[in-house]
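Please find the structures below.
Common to both upcoming complexes is chain A, partnered first by chain B, then by chain C.
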Partner chain A sequence: MSPNTWVIEMPTQKTRLHPYPRRISPYRTPSVNRNAFSHEARPPPPPPPLPKTLEHPVFEDIRTIMSVLKASGLMPIYEQLSSYKVGPPTKTNEFYSFFVRGVVHALTIFNVYSLFTPSSAQLFYSYRETDNVNQWIELLLCILTYTLTVFVCARNTKNVLRVMNEILQLDEEVRRRFGANLSQNFSFSVKYLVGITACQTYIIVLKIYAVEGVITPTSYVLLAFYAVQNGLTATYIVFASALLRIVYIRFHFINQLLNGYTYVQQQRRKGGNRRTTAAPSLMEHFPEDSLFIYRMHNKLLRIYKGINDCCNLILVSFLGYSFYTVTTNCYNLFVQITAKGMVSSNILQWCFAWLCMHVSLLALLSRSCGLTTREANATSQILARVYAKSKEYQNIIDKFLTKSIKQEVQFTAYGFFAIDNSTLFKIFSAVTTYLVILIQFKQLEDSKVEDHVQEQPQT
Partner chain B sequence: MPQVQSESSSESAVQPLLQQFQLLFYISKIAGILPQDLEKFRTKNVLEKSRNGMVYMLAMLIVYVLLYNVLIYSFGEEDRTLKASQSTLTFVIGLFLTYIGLIMMGTDQLTALRNQGRIGELYERIRQVDERLYKEKCVVDNSHIGGRIRFMLIMTFLFELSILLATYIKLVDYSQWMSVLWIVSAIPTFINTLDKIWFAVSLYALKERFEAINQTLEELVATHEKFKRWLCGDQETSSRALDSSQPPEYDSNLEYLYKELGGLDMGSLKGSGRNKVAPVSHSMNSFGESIEASDKATHQAPPISVNMAHESELSNASKVEEKLNNLCQVHDEICEIGKAMNELWSYPILSLMAYGFLIFTAQLYFLYCATQFQSIPSLFRSAKNPFITVIALSYTSGKCVYLIYLSWKTSLASKRTGISLHKCGVVADDNLLFEIVNHLSLKLLNHSVDFSACGFFTLDMETLYGVSGGITSYLIILIQFNLAAQQAKEAIQTFNSLNDTASLVGAATEMDNVSSTLYDLVTTTMLTPTG
Partner chain C sequence: MADIVWLVQRFVYLYGRIMGVLNFEVDSRTGRAKFTRRATILAVVHNISLIWLLAFQLLHDETAIWKINRGKYLHEYVFVLVTAVRHFAVLGTLVSRWRNRGKILRIWNLLSRSIQERPELIPLFSRELIVKFVFAFMSDCLHIVLDLNALRETPGPALALKMVVWCTFSSIFDMIVAQYYTAIMQVKAHYKLIKRELRELLRETQTLCGKSNRRGGVFVTKCCALSDRLDRIAETQSKLKALVDSMSEIFQIQIFSMTIVYYLSTMGNIYFAFCTLRYNTSGLAASHWGLLLIVISIAFYYADNFITIFIGFSILDSNAEMAKILEERTVFGGELDERLEASFESFQLQLAQNPLEFYIMGLFKMERGRFVSAANSIIVHSILLIQWEVQNTYPG
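Here is the complex of A and B:
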């Protein structure tokens, strides 16, 4: 989770002269099988056994979350052509995804139908009229978000594959050039997956306990599907964050590479070299490296944009849904806490579960977006720190800097707003404002009720 | 990293910034804001980690928290009766408002504890920057920073004391012994202000460094203008004779254009002496060698006055390139220091902004409540007096606004460097120099120093505007609802009392006509706003 703990050092001159791999990674030792982001202290991994299948499955880091999404038809079940290429899914698999999506849509229609019929009324037993409406809207929003997710995913199958292929291509290039595997521990995705499942199960159990009387099968289906929808939408968000994290690591890699050429590093190394050996010319690899970096940066930007295009509609609807859920749950929580006498622990837990899930998802999403955007923008800032003597090198630098003047990298929600840490802040300030207004209205409502209560005995 | 030999020579010349912080350091050390070692600071002027300081600081923090809780408890007696009459929202907000000061103080102290090693590094970096600036004949004067700190400290004491004393004398019942505890209520804000003075003064120092760079560049321009005027004056006497051989005046202005259009260098065509310097600097492929050589050159050159009219640095492109490069690097370093500083203080700033927003809104709202003779939480008793409220508000807002203003000014000053640099390019009117300026200004464009609170919002005037808008709208919402609640309450009360009288009267005179119409009137007036 914290990539800043890596040990990163520029290679020494001796390793530079080594013929293969042609160039050395900024991480010290060249080793083809090495995980670039593991710590130096770890012993080298044993030579991998050679199974019949490909030794290096793509996207191994986020395998778990991918398999969930594949099973639910949100991701295409791609074929792995080689270590660095994935192909379109086979006919059977394609049919499977298609089938799953069909089932999902059928269930959605069934659910919407049952929502509008009185059979589901037992699920909305709640204690106040407005709360029922709230839950109703929440359910509808959830259904809408998930349906949108499925539609967008189905439409973007090819784009997703293209983005994945681009990432893999880039990896291949990095590996050929630096012998470094850009992979990282994505355990956070698995943790989130477990968390989401636990939250949803808990919520469903709470709901079932809260309902009075015998629950009809229709309600069971409704609830189960509701949980699945929520879970899968959340999983997709985690997946998007994981993809962003992948892009972030690549950006970070080229930034580290470039960082070796900045004046601070140069001076430091010059100072070190003077004492030991004669100073070699430090910038000799700069032209080829910079070309490589520019190319990679451009590709990464394209990938970044590709990811954004794939999921921005989903993000908009998810953010809207999340905002609504957080607001209503905060409100319910407040009402529960301040209500005199009738505190129901069931509803409290329910609210807490929802809040935990949505807040953590929002935080994850905005953090990943913010990190990646910052790293992408940092490239030109680091390049500005490279001071080259010769005109030729200066021109190389200038070209890139000029190109990136107005090229603002942003991860947007369908162009409505950019997603980063400030989005989180805006969402929470909006939630606060609405909460204050809602609570004030509730108090007015309460005082009205009191009036009527006082009025009753006298009239 | 500056070289060792140059460091020793210039050390005497550059006075470390921390020397000015002595008074502030002692006060904050006593108050338990900084855990750094006192002895080291006194002897060597460095901030270093210290275990004893940490223990002392934690002890102080615990003492403060305990005292504050005792204060809340002993002054909360009235609040307990208040809770029954008050709406829950007001009570919850009141509770939150009571503790936000404590939260803020805790954030400050814990952050200082976390950062204890890194703050010293920061000032060391500033000292190195000063040295490098000194090498570029750009001396930063630190002496008035001490005065600034003293002024801020005096202001803090004045504000704190006036608020404390005025509230104590006017609004606290000082016949009881426990009322002395009221002094504790000033501790969180006092500690917070001391911590913020550190940040503000350091930020101010950074701003001064940016301005010094700008000043140096402007001076270069001014010198060159003088130089040009001197050249013109010199030429005017001889120009009559050389009129035919000399190319027209505007030719040199068009050199740049010529090159852009035709790929030709006017300088090389004419073979003017000015541009011949360029290839020399180009031939130095090895980055290290050339820097060292020129470093020595600039260093050995005594810092003679730049104002001599017949000598302008801008006329020598290769020499000035070195200087501009160095200035640019120093600029970048200052930007980096600014970023690091912002990161160190990001949580305290966030909590300060939250505190400022909440307290400002709350104080105004309670002021309104007090004018309507409603009861307010006991810790906000200063809101009962408009005069004290004004002082308290200007104190809180002064802190927030000054920080925002300073951050904004600093980032403006850093952006101004580009403009100053361009002036150099324009005034020198030299091909080579223009290229250098272009190259460096692209670099400067990418040196960004934006101050933000944990990335949630940037500290600039826009945020200030947003916050003031937020305060206004919250106040309006709160007051509106307060009005509505009051109306409802009054209606109930009049309704009840009228009912009582009506029933009394009705019992006596079998429902008088007058009272029944009054009754109707009241019921209609009461039901219309609510129903």
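Here is the complex of A and C:
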């Protein structure tokens, strides 16, 4: 049923104080709809125009991170069509994004070419063969991750705009119906952005100090591009987490609405207990509100799936790269700590910086996915606690519960594995396994070198 | 497009007959398969000749490295293991084909009839068929070229016999995989069609909900018509699921063999790649063009593998998507006719109670998560082989 449809509530025995048919908002905010049979047919005053800063309450909260992604060509530079709608970018902006992506791909080709030629030899340390192989694989994974991110973002421009429009439309409906503004403080995204920038700068400075001799311009370009690749990939992950938080807030809102109809809340309402965080709702509004909630829930599930589809491949690649980076940095730390010679503080700082950055990104991603998934799956659990007085209400509830059987949603990395709160633990278990393998390789190499040294004096 | 599809299907059918994989005949006009004496005798003669040739080649080949006293390197044993598993997989599959001959024929006729009854299915799978054909064809050809190079023997009858046996076994394996893929691909096309019909039905139901007059006979009649359509869709889904289950049972040995061969081949390829980069100073990998040929061959081989594995996953996704489409039912504003409501509910319960799952010989369920575990296992075992190689061979 459309929210603009007139709903006539006939007065019952319990509402004798209000003889006229009317509609009460569950949040006790004055309804913007006129009373159906009111003789005082005065039109309601128009809502005051919103200040400009509140025009896009959702995406205003993450505008810093979106600006970075727009400038780097990972997000489309969309046009503001209205308060609750964004449109495709203009030709100029599209050309700019295309140009930036072209520069990125050209630099990627240059990067790969440099890796296979002596021009980048200055940047590699040759401890042992195992270490060299590790560095190579890490670099190639980094290049692959960022290149894939750029490709996938270019391909999913329309999908991202569609997801954003769906979120804005949902917010518009909520605001129209309940007058609620669903924004929250997303300062974590700015903090992460600052952290990523600081980390990358620190890592580049360490690398510069570690290089012997005069650094060539090629090395500077490679280092700068390396920082850009890592920084922007990390920024995209923070953006994906922020989008998931936005969806989580909306799921939480509709779950709170539904919670007002649960048996416990209804009992509290009857008992006159006003000390509840969510005001219990009138059961009479359940059919109308349930329709709204179901529609919102379906929309949110579509948005959730839309975000998953946009990020799928990027997440697979990033998680693989992150896993490998964490493993190799733990391995390098182990090598440094157990080294017989002098411990290099440069390498220790390098490893700690990488570990801090990747572990915090993995934690952010896991937590955001876990929160949103749990909230999405909580709706049917809350609905199961709604006690329906009549067959009609029970049918409404049964319709939702039937469709929810064995339909738990998951945020996955291309369907290969689910990303939730347990992902961090699983990654660290895998890191431990591969760390043991790397250490075994190192010990094997060391023993062969010692055997070779011992054989030489004999010959 | 329909002509290209027909041509590709006809080529695959004839190639299957030549390879001895198909032991029945298909009428080119009607598409109907039947047992004929000619097809049966040809297939029997082909299969027996192949087994005899294999035995003859193994017993008389002087360079056969399966003789234990000749093999001294790990990579030789790994090569023998991978080849032996592939040969056994092919032989096992051929035996299974003869045992389940009747059931395979029934499935072939069922799918062929459904395509003829609904020609709108052809555009839904034509692209996938052509892509699979290209990848399989290129993979097979490049595989033969690399095998010829790897043998490095002087041309002669012995080499010709060896190549005939190896190429035939390799092609039979690829044909078996291709036929399974073709069947699953047609099931996927059916799923696409019923999803489309379901969306249309839900759109019409949504329109019906907006009507104000719900007491008239027109409303009830429309609801009944929608209910009939929904029941037909549910029945089609149920039949498709039953077909997929029966295919999984009939082709279980094939699917299991496919899984084992892919697993061992990938593990062997990683190990051989390491050995090639470490030791190879002559041969194809020594030159840039040779290396490029190897890379292209591997790319086509794994592209072929991926599309074969992922088509199963895409059917699981289609099934899940149907459940998602039915969720729209919760936002219907008004109460529908009892019969239509009951049809919706029973379809949803049908999807929930009988989920589509692929089990391989009842041993494990094939899903995306399992794919990641298998990849992890391959990497670990390859590392073990590489570690052994590093530990027990001298540098240089």
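Miscellaneous remarks
Going forward, the second predicted complex is superposed on the first by the 370 of 459 C-alpha atoms of A that agree within 3 Å, B and C clash if a C-alpha of one lies under 4 Å from a C-alpha of the other, contacts with A are read in each partner's own complex, and residues count from 1 in each chain.
Following the convention adopted for this analysis, contacts are C-beta pairs under 8 Å (C-beta built on N, C-alpha and C of every residue); 3 or more make two chains touch, one makes a residue touch a chain.
The shown structure was predicted, so the numbers you read here are calculated from the model rather than taken from an experiment.
When both complexes are overlaid on chain A, the residue A:Lys406 reaches chain C alone and has no touch with chain B. Residue contacts after overlaying the shared chain place A:Asn298 against chain C, while chain B stays out of touching range. Of the two partner chains placed around the shared chain by superposition, neither chain B nor chain C is touched by A:Val103.
Once chain A of one complex is fitted onto chain A of the other, the partner contacts of A:Ile437 extend to both chain B and chain C. After overlaying the two complexes on the shared chain, residue contacts for A:Ile137 are found with neither chain B nor chain C.
In the superposition on chain A, contact of A:Gly415 is made with chain C only, not with chain B. In the superposition on chain A, contact is made by A:Gly370 with chain B only, not with chain C.
In the superposed pair of complexes, A:Gln394 makes contact with chain B only, with no contact to chain C. With both complexes placed on chain A, chain A has more residues touched by B than by the other of chain B and chain C. Overlap of the chain B and chain C contact sets on chain A: residues 398, 402, 405, 433, 437, 440, 444, 448. Residues of chain A that touch chain B in their complex: 263, 266-268, 270-271, 279, 281-283, 334, 338, 370, 380-381, 383-385, 387-391, 394, 397-398, 401-402, 405, 420-422, 424-425, 429, 433, 436-437, 439-440, 443-444, 447-448, 450-451, 454, 458.
Of all residues in chain A, those touching chain C in their complex are 1, 291, 294-295, 297-298, 301, 392, 395, 398-400, 402-403, 405-407, 412, 414-417, 430, 433, 437, 440-441, 444-445, 448, 452. Interface residues of chain B, counted against chain A in their complex, comprise 1, 3, 87-89, 92, 281-282, 284-288, 290, 325, 328-329, 332, 435, 438-439, 442-448, 454-457, 470, 473-474, 477-478, 481, 484-485, 488-489, 491-492, 496, 499, 526, 530-531. Chain C contributes residues 313, 317, 323-324, 326-331, 333-335, 341, 345, 348-349, 352, 355, 368-369, 371-372, 376, 380, 383, 387, 390-391, 395 to its touches with chain A in the complex.
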